[in-house]
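Two complexes are shown next, each including chain A; its partner changes from chain B in the first to chain C in the second.
Up next, the complex of A and B:
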C-alpha cells in the first residue's frame, strides 16, 4: 500500500482533476445560492452567514493537520516519499485555512461579542495551531537537503498533533466565550435542517477546493 | 522570561555540542542516546533551577502574591520549567543542522509550550490548589512530554545531525 510512488499519485490526480474542477464550480454555485436565500438569524441577523466560511475552514484546518500527522508517521515509518510530498502539499493550505478561521472568527466575534479577540481557550488553541503550521513551513524551507527538511517537519507534525484534541475539546474543558459544539454531538446537531444542509454543502465546497489546491501543490513539489 | 532563558540555554547547549562534534560521539557511544538526552536535559534543568529558586521569592513579592503559596507555585513552575527544557531540546534537535541562521526554534517551541502555560495559569488561579481536572491535564501533558521527548529528540539527532 505504501509503495505508491509520486508518479502514481500524480497520474491519479491528473485523471480526476477535470471532474474535481467541475464539481467545485457546481458546489460553489449551489453553496452561494443556498447562503443568499437562507433566512437571517433572529438574533444575529445577516452576520451569522459568516459561519458558512468559518466552520468549514475550522474543520478543514483540523483535518489537514491530522492528515499531515498521519502522512508524517507513514513517511517516517515506511520512508515513503509520497507521504512526505503529501505532507509538504498540505502544510500551506492548512496555514491558509487556519488564518481564514482566525480572521472570520474575529469579524464574527466583533459583531456578536463586541470584540475582535479574547484569550479564550478555543481562540488561543486555534492560534497555536496556526503557529505550528507556520513552524512546519519554516522548517520545510530552512534546510538545504529536502530529505532533512521532510524529517524535521514530520517530527514537528507528529508533536503538533497533541494540539488537535486541545482545539476540539477546549470548549468542553474550559468555560469559554466561544460556543460549544453544535454539529458533532452525541445528542445530534442542535441547528435546524436548512442551516445544517447549507453548512454541509459549504463544507464540501471547501473540501473540493482543498483537493484542487493539494493537487496543485503536489504537482509543484513533485516536479521540483 | 524563564521561558526565553531556558530556550536560549538549551538551544546553545545543543548547538555547541553539534559544532564540537560531541553529538556524533553520543550517537556512536554504547549508551542509548535517549538516556544521554534525558540526563543532559535534567542537568540543564538543574542548572536553570538554581536561577529560578533565587528569583522566584523576589518575583512573588513584587507581584504581591501570598508567600504561603510559595511551595505550590514553585512546584508548578518547577514542573513547567522541566517541560520547557524537554520541549526546547526537541525543537533544538529538529533545527540543529538547518542552513540558514534565522532562529526558528522559538517559533516552534512557543506553540508547544502554550498548553503548559494555559494549564499552569489555570491551576494557579484555583486558590486552594486542590487536585482537579486541570492538574490531571497538566500532569498528563507533562508526563507525555517527559516520556516522548527524549525518544523524538534522539530520533531527530540521529537523522538530522549526520
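Up next, the complex of A and C:
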C-alpha cells in the first residue's frame, strides 16, 4: 500500500480527469436546479438555502483536515513522499473551504440571528481551524528544503486534529448561538427528504470540485 | 501477507507521534474543562436564578419567547424568555428586534439585570433550531394530526 509512488498517483488522476470534469458540470447543474426549485423553509424563508453551500463546505473542511492529519502520520512514520505530496495539495483547498464556511455562515447569521459574528464555541473553533490551515500553508513555504517543511507542517496537522472533535461537537458540549447538527443525529435527520436529497447532491458537487482541485495541486507539486 | 512490517524505527516514530498528540489533546481538554462556564454562550433563566447577580454583570440569557408575551408599548419591546425547566424572566428591549424573533421560537438576550428582576437587554439575537421543513410539510402533518409544534 505504501509503495504508491507520485508517478502512479499522477497517472491515476490523469486517467480519471475527463470523467471528473464531466461529472462536476452535471452535478453543478443538477444541484443548482434542485436548490432553485426547492420550497422555502417555513421559518427562515429563502435565507436557509445558503445552507446548501455552507454545510457541504463545513463537512469538507473537516474531512480534508482529517485526511491531511492521517496522511501526515503515514508520511512521518513510513517516510512516504506521496503522503507528503497529498498533504501539501490538500492544505490550500481546506483553507478555501473553511473561508467559504465562515463567509456563507456570517451571511446566513446576519439574515437569521441578526449578527454577522459572535464568539460562541462553534464559530470560534471554526475560525481556529481556518487559522491552522493558514499556519500549515505558511509552514510549507517558509523552509528552503521540502523535507524540513513537510516535517514541521505534518506535526502541525497532527496536533491540529485535536480541534476537529471540538468543531464537530461544540454545539453539543456547550450552549451556542449556532444550531445543532441536522443530519448526523441519533434521532435521524431533522429535515424533510427533499431537503436532505438536495443537500447530498450539493455535497457530492462540492466533493467532485474538491477532487478536481486536488488533481490540479497534486500535479503542480509533482512537476516541481 | 506482509503488508505493514513494523520495524523498530517505525514503532519509535509512531510512539513519538502518539505521545505528542495525547499530551496536546489532554492539555486542550483541561483548558476547555476549566473554562466551560466561559465557553458556554448563554445561561437559561433557571440557571440565572441560581446565580448571584450584581447589576453590573454582563449576562447572556437564552431560551424560548413565551407565547402571548411579546408586546410593543411605550416605544419598548416587552417579552418573557422561558426554558424547558419552567424558569422564565421578563425582558425589556428598546431597539428593533431581528426579523426572526417570534413567540415560541429561540432567542438570546444580552445585557444587564435591572431592578424588579426585569432584564434590560442591549442586544437581542434570534436563535433558530436545526429543524428545516417547507410549509407544505407542516400542513400535511397538521392534516394527519401528527404535528406537535405551535
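Please note the rule applied: the second predicted complex is superposed on the first by the 224 of 224 C-alpha atoms of A that agree within 3 Å, B and C clash if a C-alpha of one lies under 4 Å from a C-alpha of the other, contacts with A are read in each partner's own complex, and residues count from 1 in each chain.
Simple rule for what comes next: contacts are C-beta pairs under 8 Å (C-beta built on N, C-alpha and C of every residue); 3 or more make two chains touch, one makes a residue touch a chain.
Keep in mind that this is a model prediction, so the values were computed, not measured.
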Fit or clash between chain C and chain B when superposed on chain A: clash
First, second, both or neither for A:166, with chain B first and chain C second: both
First (chain B), second (chain C), both or neither touched by A:114: second
Contacts of A:155 with chain B and chain C, given as first, second, both or neither: both
Residue contacts with chain A in the superposition, chain B compared against chain C: C
First (chain B), second (chain C), both or neither touched by A:181: second
From 9-17, 63-71 or 135-143, the chain B stretch with C-alpha clashes against chain C: 135-143
Intersection of the chain A residues that touch chain B with those that touch chain C: 121, 155, 158-159, 162, 166, 173-174
Residues on chain B engaged by chain A in the complex (per definition of touch): 90-91, 94-95, 97-100, 102, 104, 107-108, 110-112, 114-115, 118, 122, 133, 137, 141, 144, 152, 155-156, 159-160
Residue ranges of chain A touching chain C (in the complex, touch as defined): 1-2, 38-44, 48, 51, 73, 76-78, 112-115, 118, 120-121, 155, 158-159, 161-162, 166, 173-177, 179-182, 185, 190-192, 194-195
Of all residues in chain A, those that touch chain B in their complex: 121, 124, 128-129, 131-132, 134-135, 138-139, 142-144, 148, 151-152, 155-156, 158-160, 162-163, 166, 173-174
Residues of chain C that touch chain A when the two form their complex: 3-4, 10, 13-14, 17, 20-21, 24-25, 28, 32, 36, 39-43, 62, 98-100, 102, 105, 108, 123-138
